[in-house]
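Going in written order, the chains are labelled A, B, C and D, and every chain counts its residues from 1.
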Amino acid sequence: MIKVIVAGFEGKMGRQVLDLINKSDDFELVAGYAPHAQTNALSVKVYNELAAIPKKVADVWIDFSLPTSVYQNSLTALEKGIRPVIGTTGLQPEQISSLQKIANQQKLGALLVPNFSLSAVLMIKLAKQAVQYFPEVEIIELHNARKVDAPSGTAKYTATQLAGDKEIPIHSVRLPGYIAHQEILFGGIGEALTIRQDSFDRSSFMPGVALAIRKIMHINQFVTGLENILE
Amino acid sequence: MIKVIVAGFEGKMGRQVLDLINKSDDFELVAGYAPHAQTNALSVKVYNELAAIPKKVADVWIDFSLPTSVYQNSLTALEKGIRPVIGTTGLQPEQISSLQKIANQQKLGALLVPNFSLSAVLMIKLAKQAVQYFPEVEIIELHNARKVDAPSGTAKYTATQLAGDKEIPIHSVRLPGYIAHQEILFGGIGEALTIRQDSFDRSSFMPGVALAIRKIMHINQFVTGLENILE
Amino acid sequence: MIKVIVAGFEGKMGRQVLDLINKSDDFELVAGYAPHAQTNALSVKVYNELAAIPKKVADVWIDFSLPTSVYQNSLTALEKGIRPVIGTTGLQPEQISSLQKIANQQKLGALLVPNFSLSAVLMIKLAKQAVQYFPEVEIIELHNARKVDAPSGTAKYTATQLAGDKEIPIHSVRLPGYIAHQEILFGGIGEALTIRQDSFDRSSFMPGVALAIRKIMHINQFVTGLENILE
Amino acid sequence: MIKVIVAGFEGKMGRQVLDLINKSDDFELVAGYAPHAQTNALSVKVYNELAAIPKKVADVWIDFSLPTSVYQNSLTALEKGIRPVIGTTGLQPEQISSLQKIANQQKLGALLVPNFSLSAVLMIKLAKQAVQYFPEVEIIELHNARKVDAPSGTAKYTATQLAGDKEIPIHSVRLPGYIAHQEILFGGIGEALTIRQDSFDRSSFMPGVALAIRKIMHINQFVTGLENILE
């Protein structure tokens, strides 16, 4: 039984995580943390202050809070001997370095997860193998017209993971109807290989969260990216 | 039986056209034209000079010659009462205007064909209908890494055919292995429509040439684009 | 301003139709019909009995009721001079014949719509043109694993629309994650053409409902399939 | 420099292998074997009889001969201390067992390669990883209408490699224009992953042959499938 505390349990992702824990036989919700939440909002203890959280109150700290809180939250988790699974964006490079140093010193698992989609994460993991045999590669990412940034974070991250000494072209399609999709196209002599990933629904992130909770129990350092804990 | 003269019969496309005529029950090769060809290169009369070609020697003039010759060739065809199917690139806008004026005055069919691929032509024709219901559209064209220009001519032509008052993004993928492919992506509320065309082989142009030969007999003006003679 | 009465306004589709009418400048909700609804459920008159509905109370009758009610509803609409847009499944062939006869005699527009997805409907319309040039065709339909029937109704309908004298193979993929997607693959000499449609969300049906309401005002007979009223 | 002997050098594949060796800096053609070939057909020694081939005349034996010859050829290669890369089909299960036993006893590399396409082989290798996270999977294979068998050998092989305790559906599309293509579709909660492979041209097999020649030098047993020697 893995004991979990959820930071940011009132948000969209947080609520889905509560639901995930509830449905999973090997997870147990032991507490929630949110500065302004009602203390009776959950069936378990709700903390409004980081200082009030006891040491080792949980095995795993799931963080879906705010960009402005994530660093302090993650630091607190590590100090209290709780393994952080960080799903919140907004950490600065030097903050990541600090967290990494502390986790590694303590030999405590810590996971920074830019993308919980298993299909996206697997796509990147598989593409890193494919690029060894097919070094010519381009990326097409397709997102809803409402998405303001381009290229997508996943596309940029994929490109850095695949690029050796050359630039990988990224094509960004923005159209209504589309949700979140990415294709990695590899070309070789007389042949082609394509890996495509489709995210149809936010529910697709929960299997990745479950995987992170289970895997973090078996690592003793800071790791970035779910693809690095896949077998 | 449609009588055909082939200009540029020694080139790659020209040879395939000879083969097509040979295999078709309703086409008859009556002559070839090429300035430097052996006069016995074909089983029929070979002309080395435009001036030597008799009036109405054929119903249709197929031109797969050179950018430097195509205007003079097409002009000669029209003057001699032969309907030109122009597959050679390189005509300037003012040359197209001249040919158009002459063909229309003579009420003689003339076809300028930027792309003989039926799948490409149909794609454009169908996309023009789709864009009325799905005005949000982007184009992805994928070609072999050896293709130097980008975007492809077909992609640019597609965009002009679909664009109303706004720019249509074109994404150009250049990879080894690929041949010539294009996708037109339409996005709507909660849904998407995609039309894709793949050219796997140069042989794919011959059904379009055959169609052009048959259709030009039934038109009496200058037409650009095979999609405008499809039913 | 087109006056609309909605039958089955309490269901999933019915509620979306109310929302659509509310948001559209040229539609006006004039009444609702549902046997067991509260009479004050809407801001307009709610009828519980067909007999109580006045003649010509609306221009268009939108039906998203039940398979057991749809025939009687549609019949009543026609008798009262209201053009029915029938989105409910369950009509028997002989019932369709009856409705068709009455609508045609009265020269009153009536629309039986198996699929309101514009992308699906356009796909079929475009495919009917493509099959004239590429008679070799196969269909792949991909749906969520929860969908129990295979092939899908849309795939079967597409096949009947495209088939001349031969069978068109339909491949049914059933996987979690997928929503509702269909590809029509055409193969020719050295080339291929593919038309693909993706339904990501139920909201995708509303543009089709809006189109049906607008178009039915301009037809004076019974028509099956939205693709037959597209330009 | 890896010394190579080619059995069946007069066939389509054999001729391409000669060309590959010729172009590669680290391969050296030392002999050819074909029962009925002219002895001066190559710039190197041509053998017409297996018995005449000296021990260890080459490091690697490439076999693109005939189903009726492949077993005796491979056996001879092993007996003469030459590592066989077997591209010819037709080996019976008990023949494979015999070859395997001999290669393993001698600790000599031997490779049976059902498919030299790197994109196909990589697809299978990557899919074996993906299926651990996405156990729901279906296969679509698309081939030219001339291909008589269905499902394709690659699709059947893929299915056996991915299947745990359940059947994997295979959909076979046969259309003109298409060459050889395969998609493996994985579905998960709210998401999908697809791996696609396109063979556009026979030339696509040569990088796989080159890889086999290089890798066989570093293995000391019988291996089936190029995917098992990829890193």
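Throughout what follows, contacts are C-beta pairs under 8 Å (C-beta built on N, C-alpha and C of every residue); 3 or more make two chains touch, one makes a residue touch a chain.
The structure presented is a predicted model; accordingly, all values stated were derived computationally and were not measured.
Shared contacts of chain A and chain D, meaning chains that touch the two of them, come down to B, C.
Taking the mean Cα position of each chain as its centre, B sits at the greatest distance from chain A. Chain A and chain C have Cα centroids lying 41 Å from one another. Averaging Cα coordinates per chain places chain A and chain B 52 Å apart. Shared interface positions of chain D, i.e. residues touching 2 or more other chains, are given as 177-178, 186, 188-192, 198, 200, 204. Contact topology of the protein chains: fully connected, every pair of chains touching.
By the touch criterion given at the top, residues 136-138, 140, 142, 145, 169, 171, 173-178, 185-192 of chain C touch chain D in their complex.
For chain A in complex with chain C, the touching residues are 177-179, 198, 200, 204.
Within the complex, the chain C residues that touch chain B are 117-119, 122-123, 125-126, 129-130, 132-134, 186, 188-204, 206-207, 230-231.
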